[in-house]
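Worksheet: one structure, shown below.
Every chain is named by a letter (A, B, C and D) in the order it is written, and numbering of its residues begins at 1.
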Amino acid sequence: MTKLNVALIGHQFMGSAHSNAWRQVGAFYDLPLEPHLAVVCGRNRETTEAAANRLGWAEASTSWEEVIARPDIDVVDICTPGDSHAEIAIAAAAAGKTVFCEKPLANSVEESRAMLAAAEKAGVLHMLCHNYRRAPAVALAKRMIDAGEIGEIRHYRGAYLQDWIVDPNFPRVWRLEKSKAGSGALGDIASHSLDLARYLVGEISEVCGMLETFIRERPLEDGSGMAPVDVDDAALAMLRFDCGAIGSVEGSRFCPGRKNYNRFEINGSQGSLVFDLERMNELEVYREEGANGGFRTVLATDPSHPYVEAWWPPGHILGYEHTFTHTVLDLIHAIDREELPSPNFGDGVRNQCVLDEIEKSHESRGWRQVEA
Amino acid sequence: MTKLNVALIGHQFMGSAHSNAWRQVGAFYDLPLEPHLAVVCGRNRETTEAAANRLGWAEASTSWEEVIARPDIDVVDICTPGDSHAEIAIAAAAAGKTVFCEKPLANSVEESRAMLAAAEKAGVLHMLCHNYRRAPAVALAKRMIDAGEIGEIRHYRGAYLQDWIVDPNFPRVWRLEKSKAGSGALGDIASHSLDLARYLVGEISEVCGMLETFIRERPLEDGSGMAPVDVDDAALAMLRFDCGAIGSVEGSRFCPGRKNYNRFEINGSQGSLVFDLERMNELEVYREEGANGGFRTVLATDPSHPYVEAWWPPGHILGYEHTFTHTVLDLIHAIDREELPSPNFGDGVRNQCVLDEIEKSHESRGWRQVEA
Amino acid sequence: MTKLNVALIGHQFMGSAHSNAWRQVGAFYDLPLEPHLAVVCGRNRETTEAAANRLGWAEASTSWEEVIARPDIDVVDICTPGDSHAEIAIAAAAAGKTVFCEKPLANSVEESRAMLAAAEKAGVLHMLCHNYRRAPAVALAKRMIDAGEIGEIRHYRGAYLQDWIVDPNFPRVWRLEKSKAGSGALGDIASHSLDLARYLVGEISEVCGMLETFIRERPLEDGSGMAPVDVDDAALAMLRFDCGAIGSVEGSRFCPGRKNYNRFEINGSQGSLVFDLERMNELEVYREEGANGGFRTVLATDPSHPYVEAWWPPGHILGYEHTFTHTVLDLIHAIDREELPSPNFGDGVRNQCVLDEIEKSHESRGWRQVEA
Amino acid sequence: MTKLNVALIGHQFMGSAHSNAWRQVGAFYDLPLEPHLAVVCGRNRETTEAAANRLGWAEASTSWEEVIARPDIDVVDICTPGDSHAEIAIAAAAAGKTVFCEKPLANSVEESRAMLAAAEKAGVLHMLCHNYRRAPAVALAKRMIDAGEIGEIRHYRGAYLQDWIVDPNFPRVWRLEKSKAGSGALGDIASHSLDLARYLVGEISEVCGMLETFIRERPLEDGSGMAPVDVDDAALAMLRFDCGAIGSVEGSRFCPGRKNYNRFEINGSQGSLVFDLERMNELEVYREEGANGGFRTVLATDPSHPYVEAWWPPGHILGYEHTFTHTVLDLIHAIDREELPSPNFGDGVRNQCVLDEIEKSHESRGWRQVEA
């Protein structure tokens, strides 16, 4: 089987999740190409070598430029913080590599447009990693919507709630600095809800949003004093979709008890669907069936459900990390078929436009059109 | 025991619920005054007499003016559609009666202000019936918030979702006519979420809302053709509270499977509370308790919970109708103590102002201040 | 409308629940006979008069013998502790009254057989109050089973769990004395599970049971010392049904957090049903529907569901007490039609036989046949 | 790091799960020894080589005898059907290997005793794979029980329910043949509930069980006719524990909608715990906390929870397969420390004794002591 040489740039949380996906996909799925974990790249020699060893990469490098220049590398998988995505992706595309980029695509619309343009100009395949699209229950929701099982969609209600910075003494980490993170809950988690909205319901035409920072100053990590928080702790927006549906989306890090509550509810003319990432193997489904209808809990672990056939018998649940395994699976098939995978940099641009208009809407205190 | 003579105006759904409350309250609670179901008033002689008989009223009348003029009547309980509330309430106040009025207080801010002014001028007690405040689980939420158990409130997330007009062939009933109903989902159900927001979190300072009508024409009830729908099928708003919390509120009649889903989630700095009317005896409570914390289902049926002592042993649930029984209970005590009950016409005015600004915000496509 | 004069014997918890049912049934249902709360009977003059006043009975009496002798009384409703049921019911039957008796029918098989014989000899109607049969969700389960919607039944899994005597310092109340209560959790709560088993699945042919008393001595209520507990704290049995199904039933007062957890799960060849009294308006239903099937939560509040038409719109839940209202409703109709209602004293005998064999099985440490 | 050479015997469902564990454990945990997937063994050359390739084993073999004879092999991991466990394990022990055996240890008490004796005689380490003990939520339950958080245990209520053979046309596979499978639901799934009972509550002193076969004849897989089913479709038993607790355990393959419903509820004097494998990242916890207590859903994904630190941030759930990863993790540490891991062959013997007495109890129709 032809090898597919992969280079991973970045080896923190997302790098670990991507490594696992590359390492595991072949043990469960029949693949047209054999992924080879060729090289992992990081800033620090020692930690990168340790990561290579732990995560299963053949080599370690501290220069992404050198890695991209290697002729044997087929895929560049970018797991660095968002502010470096554009530079690496544009260089990788120019080098003719397939580019696989963790979300968000970039920290600005401009950067994301440049990335898309670079990939298109180079004629390379590009994919954006929005892994939750490939939770089996979410993919099942998509399948049901596409089959018309809930009819015409009227409402999307998305929320991604967490509680990790409720404590005002939690330090001012990089995710709370605008210059590094771009935004707060908006770009980090509400962005997932928005991507799922676009995936499941369609393009968003208008937004009206608000941002809030509850704790405006936090201790520095090194204990040397306080520093301002200049990103949003919570973001909320109302939405209008091209298809006529309306909706809302929210991200907050100030919801005690919500650990990783990425929930959506979709109401159509014939039924409703509800998903919550904390129970990611389940899809709540309501179909119009008369008085004895009701929300049913579909355990998305049947071989007939998306991506499940390769795994365990019904009722044996999958974990978070396999949303990445399924993403990598589809990327490998797309490379084999020389087809543009989905979501790709075009989705990244579109997502960034929506986030951008929400921020502008917060400033202008009113609705904003999202450019097509 | 001194009798409290009650006159009920209107005997449909709400009239039936109020009758039950007046009839039942004394069988479970020790009362300072004995309510007497003196007279029920309706338009049609025959149906009103049947209602009197069925609902336990001593007399039937077809003239609310005559009823209000009777010197023996102490309380006028108004359960007619919203467009007649003002006229009846103003007359009842002028006649020196305690006025108990079903929500919404009126169909406009002006009417509601006039009602409050009339009651204050007459020096009579007045109460607005927002019954869900007195579900034991909701009153427990209030008690916990007031005791600081969830800390400073950051988020209110309210939704009242139903599905009774999803079918486009459902007829254009009066609730879908603006001239009669004032508004659609906004005034009918989102108004409950807003009242709970004010009750539990505090005054709302700003709103930004949107309205949508999915089915703009429906068959007339008499089969004689089609007619326009000129009220909202769904309403959605973002909120800012005086206390610094932010939030959202939604009402929709287009959510398949949601029969009477009046849900709120409140996140504070120390915990979270979740309520759903379809499981109205339960309150989900999260308190910061370290890694072994979690949302707990508190069955609000303990004698120590608000209103519960009079009822059954723990775990024996209460039904919808007793939210009215508890409201009437508190009204009777307020009359006995000659104290203004809560919520009252002042709340009705305030609620109406919020609804009004949401409608205006929909038109202006931006945020609106709510006048104090 | 013809009056139906009712006499209530006993006015504690059950007497209060029965009173409410008699008082309320006519306000919601069209009745062929008009129930009149003629007289309530208790031991103590003062408390009985207070009960009459509070619960809505026209008269109070301290002699059940006198009450039964009154020619105007049509129905004798027995809500006394189980050890007096037989004497009162046999006398009431001999006096030609319809006899309505709270469960358990009696404290022994012999007593219950004598009661059935007396009622049959007198030719009077008799009904046993097993109220949970008439929760709408339970009656819906029965309707679905009878319609074959879950196919041939294989499993019944019943449990009635509470936690009110977990504390070893909770006093030795009468319910913990065998001479008064007959048995402990077995007769008090497991008996409900067994009655539902017989109602929903059919007759029980064999049982194998065990009893346990965790706290064998408790403080006397008057503080004068300790006294033995000679009833079971928990009872558990395996079952075989005539129809070929197998099952289990359990009652325990030692399950922290279970307030009134009367749960059953029934598995048939085509589907499954689950009910929990703490959420008594819901029935969980599973039907074989392929991979996208799942347990659905049917909110048994639709007008088409048993008993619901008279109440509120869909999604407005009913409380515990209306299980009695529905029982009284059916009794009134049975009296009007001169038909034996169900469950009746025959069921009481049968239930008692099952309980009796479970106790004997505990002694003999093996299976016991239940006599037909 | 010292290598630990592992040989896997059998590569079907369990072999795949064990392979994954060996392959993954080092990518997440710091290990004292480095597991090397040396050789996988199967009957068929072609499928075994394919398995080796897919599952990550360095070599394939068709002779377990040869594999066991290899001096480089440190651990023999047995994933064959139960009827071959004894022969392989005894040989592996005699060869001085650490023996890791999938449950059930054997198909009879005699075999399991022989295996334990062989391992003890050889002085090798031995471990039984009862993977559900190492779901983090189950290990958390154990930790809480050991810390006395629910007090003295009174009740264990275990059930493992599935629905894969509800259809009478489902063929008579090997799991439905006594000669191959030993027993049906009893040994396959009720055995998991029993192992969890022993793990969490303690030793079982007495049992009283029943077995049932609903469909006694099924089509042969090759379509050549019908064949008898001579194992149980469902098994049910009452239990008494050494500690004074009582309980029940059930296994059934005839419960529509239950895909992998391995549930337990434990009631202690101070609280209760509930687990369901279909939501294996959650533990329901009730602690005595007064009227505002309730069952809380603890998401067992916090770094402080057992085994979780190596994985993802809070709220990112784990899948079924990592119950094996955690088992292998503990085995590796036990080997490094030269300590007997738990559960081991002694537990296998004890589990088999319990299963055996349940079968005998079914025959004798009464209680049976479980030999210590």
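The rule is simple: contacts are C-beta pairs under 8 Å (C-beta built on N, C-alpha and C of every residue); 3 or more make two chains touch, one makes a residue touch a chain.
Not measured: the values here are computed from a predicted model.
Among the other chains, the CA centroid farthest from that of chain D is the one of B.
Of all residue numbers that take part in the contact between chain A and chain B, over half occur on both sides, making this a same-residue interface.
Comparing chain pairs B-D and A-D, the larger number of C-beta contacts belongs to A-D. Chain A and chain D have Cα centroids lying 36 Å from one another.
Chain centres here are Cα averages; for chain A and chain B they lie 42 Å apart.
With centres set at the average Cα position, the gap from chain B to chain D is 55 Å.
Along chain B, residues 258, 293-295, 299 each make contact with two or more other chains. Taken as a graph of touching chains, this assembly is complete, with every chain in contact with every other.
Only residues 140, 144, 285, 290-299, 302-305 of chain A touch chain C when the two sit together in their complex. Considering their complex, residues 150, 154-155, 157, 159, 161, 166, 208, 210, 212, 214, 234, 236, 238, 240, 244, 246, 248, 250, 252, 254-258, 265, 267-272, 286-288, 293-295, 364-367 of chain B touch chain A. Remark: chain B residues 13, 17, 19-20, 23-24, 26-27, 54-56, 162, 164, 258-261, 277-280, 299, 301, 312-322 touch chain C in the complex.
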